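Consider the two complexes below, in which subunit A is the common component and subunit B and subunit C are the respective partners.
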Partner chain A sequence: MEVKDGEAEATKAAAELSPEKPATIWARRLIIAAFWLVVVCLGLPHWIWTTSIQRSDLPLDSMNAWAEGKACQLHYPLHIGLTAPDLDPEHATSFASDLEALLNGHQSFRLHHFHVQTEHSSNDTPGPKQVLNVVLNTASAPKTPQATLQSWGPILNADHQVGRPEDLKQVATFLASQISNIFEDESAALWHLIKDTPFANGVQPLALSPEKSSALDRRMTRAFKYAPAYHLTFSMFTPGAAPSAWDIDKALEEYISPLLRPLSSISDFTIDTQVQLFASFSPSIAGPAFNAEKNHWTLHYGDLTGFVNAAEWPLSPSIGEGPTINFVLYVPSQEKKPLLIDENDGSSWIIPQWGGVQIHNAPSAQPHNLTLDDLRPDMLIFADQLAGLLGVPPSPPSLSLRMSSLTRERATGLILSASSTLGALSRLTLKLTSIAIPDSVAKSVDETLHRLDQACTNLRDGHFQLALENARIAETEVEKAFFEPSMVGQVYFPEEHKVAVYVPLLGPMAVPLIMSGIKELKKLRERKQKAA
Partner chain B sequence: MKLATLLALPASLAATVLASASDTYSEHLHLKPLPNGALYAGFNFTASTPLTAYESQHFRFFPRSLGQILQFTHTSELHLRFALGRWDEESWGNRPRNGRREGGTGVELWAWLEAQDQKEAEERWSGLVNSLSGLFCASLNFIDQTKTITPILSFAPEGTLDPEQANLHLMHGMLPHEVVCTENLTPLLKLLPCKGKAGVSSLLDGHKVFDASWQTMAIDVRPVCKGQECELEIDQTVDMVLDVERSMRPRDNPIPRPPPVEDVICDEAKGYNAHDTCYPKRREGEMEWGLSRIFGRPVQGSCPAGSRENAVDIVVEIPQERIVDAVPEDALDTVSTTDSQRSYRLKEGQELDLRLPHQILDQAQEHRQTLLHAHRQMTGYGQERGGMHIVITNPHPHSQRVVYLESLPWFLRPYMHTLAISGATIENMYYTPAIDRQKGTQLEILLEVPASSTVEMTYEFEKAILRYTEYPPDANRGFDIPPAIVRILPSNASSDDQGSYLRTTSLLLPLPTPDFSMPYNVIILTSTVIALGFGSIFNLLIRRFVLVEEAPKSPLAVMIQNLVKKVKGAKSDKKVEAAKDSSSASILKDTPNGEVRQRA
Partner chain C sequence: MDALTHVYHDHPKTVLFSTAAALRILLAVTFPGLPDLLTGRVEISTPVNSFKRLQEGLFLYDRGLDPYDGGIFHQAPLLLPLFSLLPSPATWAGRIASILLYTALDVLSADCLYDIAKSGAAAISSLYRSPRADRSWKPESIIAVYLFNPFTLLACLGRPTTSFTIFFVLLSIRHACEAKITTTAFALAIASYISLHPALLLPPIGLLCYDRLCHKEIGANIQSGKPGATSDSKPSTKVAVDQRSLPAGLPFAILLAVTYFAGLAFLVGLSRFLLPSWNFISSVYMTPLTLPDLTPNPGLWWYFFIEMFDAFREFFLGVFWLHMLSYSVPFCLRFRKQPLVAVVLMMGVIAVFQPYANVGDAGAWLSCLCLLGHIFEVCSTHRYTFPALAALLYTSLLGPAFHHLWIYAGSGNANFFYAITLVWSLALLILLTDMVYAALRDEWEAERPEGKGKEVRQI
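Coming up: the complex of A and B.
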């Protein structure tokens, strides 16, 4: 009952109010409209203009095309030169095409495409560099066919008897199997690189045995990421005071430089050496234990990870660009010699993506100075470890073929990583709408795309060195774009902070403005309804 | 090919023998008791490498980590100092090594860099301070252009460098705020070939070094050429003055406690009012001390790096009649009669300890008087202005030429017209004015200080107001002003061209500090003012004004009224139920609500 009374009172009071003059109503409407006009036409654009972040346009489509592997079909044409002094040009040409057909039909090559050229045909058009030269000797060949690969140059010497022209087919089969043996490992490695990326789409899968796959995995994880420059640090550690000198200059000249010379076409190398006395093991490992049975000191397999005492041994990375590859020669003290690994009696191991360790167990008394002769076995191991750490494939036996193989692998790896970084960058810019994209990022992305295109074309044309060069630039550019400092900084200013600043300032002004606006609109609608 | 290598082998062997011959290392410890129970211990480690080996990055005794930094930044000569405490020149006398191996409080660094122009030099300097900062775990990276100066008279290269060479740039920076501690000593020890595990460096323990009354660590790298052969020399120095009594307290019970009353010897010469008082007698004679008691352990044998022929490891500078027990005894090498020095040799793998018993000597050791005294204080009051007052005293009966170098931060703006120097003649003055946030003031004055006189220097300055973000977290502590460097130029007769150095203490400059919650206060205050102003004006403009009786009740008020009524109604209903329950349980209850009773 009382509730109804209250309502009645209210309506009574309202009824007592005289209706407003239309002029006042219009004035009020104008006032509110004017305020809103200022807010919308002046305040809002001004706010948008002052708080907007610069976002350059990125070519997202082409970036995604690269990330999805659609922009480039990886393809490696291998040009093989055939020199057969004993065959006449006609036979040689047909033999070459036979060989080419056989090789291209081989099932272990999905990404490679072989072009066999004889010396006669290659003279006309100066094509890309030949990766392999086959010298076929038929005249004074022994009975059993044989093929030998030169250890430095990319030359395969083959001897096969050819009696009748039909024998050429047999020779072609023989040569094809030899050549495919050479490139089989590379093909497997390339397939291993791309198999889990979008670039593998459209390529017939290559079946790899689990052992081969895990061996390739080990090789890839062991190797350093590609860098245009590497620092090599050779350090000698000894727990006592001797030896305190070594003929490292000579040893490097003799054993490491020959390996670095061909590699210098891929990366630059700087070398430094140091001698560290009184180097103790870290307390986290058990340390060497004496094995009475074998009469030598042993290190457990588990201790190898903590062998390098990172806290005390001064193995800080070198300054300047590029990673440091460490080679540690540990000379155990006289009383704890020889020091070997318990499980396999070895004395050297590789620490993936860090370097190699070698224990110097010379039987002689502790000399003051390690001579070149003392260092010889250690240097050979270091050279081997260096090749492994740089990702040089273990086969084929010819160093120059291994280098060209490495060039292709590195170029592929760089293209893959640059493309995936492009994809990550495009996803990042779409996901984080509040980060700025400076012009430099757009520029870097454009450069990356251009270089990737170039690298792809180079690969398809067989200019692998150029492809590596372009892929290297693409990789550095895209890294630069992704890690642009001004983009990273934006992440640390979240939206919540803006609310904290805007609410106290804008809240007290916005509430009366909005409320009056709503009220006025309501009244307008009521009046219209009444009028209607 | 093989023949060539065979032929090359002897040559290369000869070359390596030569090379290893010039790879040298030596170390040295100088001990000298000072008055008032203090002991000076000066450690010095010198290693050198032929310049050819250094350039091809083959490091043996020269540390690789430092060598690479120097190569990367094209630093020809480097001087780095870490210092803590104050050398008490009144009681301890002349400074060790003529003050050349000590720095101002905190960190000090100066270097000669090779660069084509000033810009390149600044870039390399910035690279150098950043790399050294990482190597020595110090905030050296805070030495930026505002803290960098280029002194003209104060420093001369120690090595065979030609300072007039156009592509050599001297840069100097100081960090007086830096607290030197164990994390700076550990990298210094790591640079040594024996790493503090053998040789005199085995005595260096962070607990003892940083417990010293005065302590300074120095690293000096310089090229030294003898004829055609050039080598790079690194000189590492750790100098300290230890309080013997404090250092010898037991490690497991380090809190000093007063000795029992029975052990205190009273000074009978003084007058006593009662029997229960005692003036402790001053300790007489030389204090008892030993190496292992002061440093916590004996020397762990010799450091066998480098040539050990004629090597003298430890020199103790004490009067002739003072007794020293060396363990083992055969370590004593020579006793010099002229300058009261005894030298000791270390053997590989054999510990050495020195013990000096309590002894009363006929005459105390004489200390050479210091060359010059320099003091600097801040004067004035208030947050706007202040003044600097410098006193330089020459106690000697001959005049001395002195370079006074001041490197002031930009927020301290000296008024050069107020610079007044009394008691000395200014021979030369270099002054670089400060640029706000870009460069500090550099003031270098060459003075002739007359014999046995005191020079007073004063100038006034203004304190700048910093920006909000330029204040450090502990803004109210004040800002450290780096020490002034005084170089006493060598007299013309002496061959030494370095002269000796001394540094004043660092100063603390209080700057006007704002209230750091200010921006938030500003936001809140502005918002309130705007809300008040805008809200009232806006309401005035759009509201219709009527009498209170005429005004319709606001719908919100009506709603609340209804709600209150409803709640009241619900309450009374509940009470009715409660009353019913109690009556059914046949418990009589006096309910205060008359209405409820009526209804029940």
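Coming up: the complex of A and C.
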């Protein structure tokens, strides 16, 4: 293997040796051919087969149209029914159109469009569900006009004296201001949702006061992100051995279920409960201190974030599908009672997007069992916290109106987030040309677009419940497409890295193969030239 | 002492076999924990041959369940009825019974090696006669190396099922040396059925069998043509024969392939008969192909595929298998004149590059190298062989130590063990390339006797 002397020696040695026999030359050619045969016939197809990436076609134009807000003009027609038993049909119809004109001219509604129908005009065609029914009572009305909203149903009872027909104008103004009061907050919330998205293009901006804006911000950050299913966990923690039981089933039935029943049209809920005895505070907080002045134990504001001892209290982050909303009832020990928050003497607080905490400061001696009566105040607070955590708007006072408001807000939020995910997906596929796009992604995107179209049509027709359902499916599908595992893996794998993958192993193997191949080909050409 | 040597000279095989068997049984009896300890070693037991996993499969099989359901057992189904005859290895009797079975397997393998060496196929073929043919090792020495090789001993006590593969491969080679086509193909089919990779030995073993067939034919011709002259009295290195009198190649190849595949189909069919489903095909044969279990072993694959990007996993699995496969035919072409060399070298390639490499296969291959003892003198003893052997020794001591540091002590990491397996494979490869060089040099010197003893130079 060593070359000791110069080239002269080598050529001499070469001359001394008899030339290779044809059999040897042929054997060498066959061997090189055998290696190349494996590479070309088996290696190459295998390479193409295993590393080719499948890119399904995505409807990029429609995806971008959604992302840029061009595919759908958000629009909320609100149908209001008017029942005026004391007015004759003719007057009622003109009154309704007056009211409609007044409402649509109101400056705080950019996205809403009102349709007021009397029971006479909406005769046989069953139009969309009416969001609000106004019952106008003019016959035996008191002197001062008044309007009351029913707390469970979407019904506004109004009393106004009508002496002459001209008075109807006054009544219309009064009713318009009442109705706009009801929907003002929703309008602000919807505008708050879309104002920073492309969907706001073409909509006259709605001026929101900074206080209102920050209040909306707080409400949005406190609420959980929309999920098709939530899990509620009600836990009782106590530092001692008592109480060891609570009438939670009855309490839930009484105070939480009425709230969940209307909400279940938006999401599904599952509930579990637990009792944890001898629960200690986390060592990271100072713990309760006795305030002699006020004669009660206090918790500092700064301690509230660490109050829930995440390391030891068995509040698992999620059970099954969907996020878990935790409700913690803390029963302080007899000697450290009452326990209140130092700054405002409150006993409950919300942890945004996690749940609520309530300290049970019943004055009575520590019972072994917390009865329904003991739990009543706590449950009312939990119900309130639950509404807040799910993003139920705090006004108007009618629960059914709040629910329908929430339906519209959620549907809008889902359409917005699905659209922006579609845009992100389209940008991603354009930017990373080497990323695989499986068929399942294309299918999901098609389904998303279809559902978004449906949701948009439903919104414009006033079928808000259907719009929410379609938007729900769109959001799930688009998330599935965007987080497709086979795509995620290659997102961070640029083209240049392939060199680093192939060269270290295949390079050393390829060099002798290619060199010997070239050498043989050269010899073959030389021989041909000689023969010619 | 004299009596001993006397007995050895009279019955060398008997003495060697009984000593080897006695040694194995003695080890198992004196150190009762040793077999189970060795069974747990990653160097000996891999996911596809572990005796422990076999017990798992056996447990399910004995209870009438599909043994492949658990995802742990990846061994050939026909081993199950065989092992279910033995008492449970958890008991003393069962352990001794299993050791006895594996000892018998080793002795039978050694017997095959003896016959292979005795046939002289290593140095003399139909086309070639090595100038060093008279320096071949004695068959007794070769089987002594095999039986007392520490790696073989460890493998026998660790009881991996690849011992069956080794036995059937050697059996196939032995029948090939005896020019028996059907039994050669069938024995190789059994070996491939157990472990898949012996399928790569089909071309070289087929070549060996064909060559021995020609050799026999020539011998017969010479005997019939020139009565009185024996083949031994022919000192020339070239054997000039009338090509037309040789058996035809194509029918031979077809017969071999048909027997091989028929044998394989028969075994697979028989397995299906024993088992409730076809699950075993994917579990037994897809495991070495797709490498789902990355338990460390002394091979090169596991670490590579731990580190490999998922997107390229399939591609590189293919590359590794094609790499192993690509040697099979070129070795046959280059060592057309010395087919046994091609077989032994291919066994070496498999021992080093197989997906679930283990020490037992490497040990068996190192012993088989002694079949080529006559060309050892051409090897670069001082330059490469000594460092390679030293590296083998060093890795067999450091390997378990680093594995312990990594897995149990926690003071090392995977790189420690992988570095050792790299050195181990490198040492084996140096021996392999050295043997390639020696075999080629031997062939070259037969053509050019004047070049004997000269140093190699590139011109």
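Assume the second predicted complex is superposed on the first by the 440 of 532 C-alpha atoms of A that agree within 3 Å, B and C clash if a C-alpha of one lies under 4 Å from a C-alpha of the other, contacts with A are read in each partner's own complex, and residues count from 1 in each chain.
Here, a residue touches a chain if its C-beta (ideal position, glycine included) is under 8 Å from a C-beta of that chain, and two chains touch if they have at least 3 such contacts.
Just so it is clear, the model here is predicted, and its values are computed rather than measured.
Applying the stated contact rule after C-alpha superposition, one finds that A:Ser516 touches subunit B and leaves subunit C untouched.
In the superposition on chain A, A:Asp247 contacts subunit B only, with no contact to subunit C. Contacts of A:Gly105 after superposition on the shared chain: neither subunit B nor subunit C is touched. Using the contact criterion defined above for the overlaid structures, shared-chain residue A:Leu30 touches subunit C, although it does not reach subunit B.
Number of subunit A residues touched is higher for B, counting subunit B against subunit C. In the superposition on chain A, no contact is made by A:Pro394 with either subunit B or subunit C. Looking at the shared chain after the overlay, A:Leu42 reaches subunit C, while subunit B stays out of its contact range. Of the two partner chains placed by superposition, only subunit B is touched by A:Ile271; subunit C is not.
In the superposed model, A:Pro89 makes contact with neither subunit B nor subunit C. With both structures placed on the common chain, the touch criterion links A:Val501 to subunit B and to subunit C. Note: residues 2-3, 10, 13-14, 17, 31, 35, 501, 505, 509 of subunit A belong to the subunit B contact set and to the subunit C contact set alike, using the contact criterion stated above.
Residues of subunit A that touch subunit C in their complex: 1-4, 10-11, 13-14, 17-18, 21, 27, 30-31, 34-35, 38-39, 42-43, 46-47, 50-51, 489-490, 493, 501, 505-506, 509.
Subunit C meets subunit A in the complex at residues 309-312, 314-316, 318-319, 322-323, 325-326, 329-330, 333-334, 336, 447-448, 455-459. Against subunit B, the residues of subunit A that register as touching in their complex are 2-3, 6-7, 9-10, 13-14, 16-17, 20, 24, 28, 31-32, 35, 233, 241-242, 244-245, 247-250, 254, 270-275, 277-278, 280, 312, 314, 316, 318-320, 369, 372, 501, 504-505, 507-509, 512-513, 516.
Taken together, the subunit B residues at the contact with subunit A in this complex read 5, 9, 12, 16, 20, 23, 56-61, 63-65, 68-69, 72, 131, 135, 190, 193-195, 197-198, 303-305, 348, 523-524, 526-528, 530-531, 534-535, 538-539, 541-542, 544, 546, 549-553, 558, 561-562, 565.
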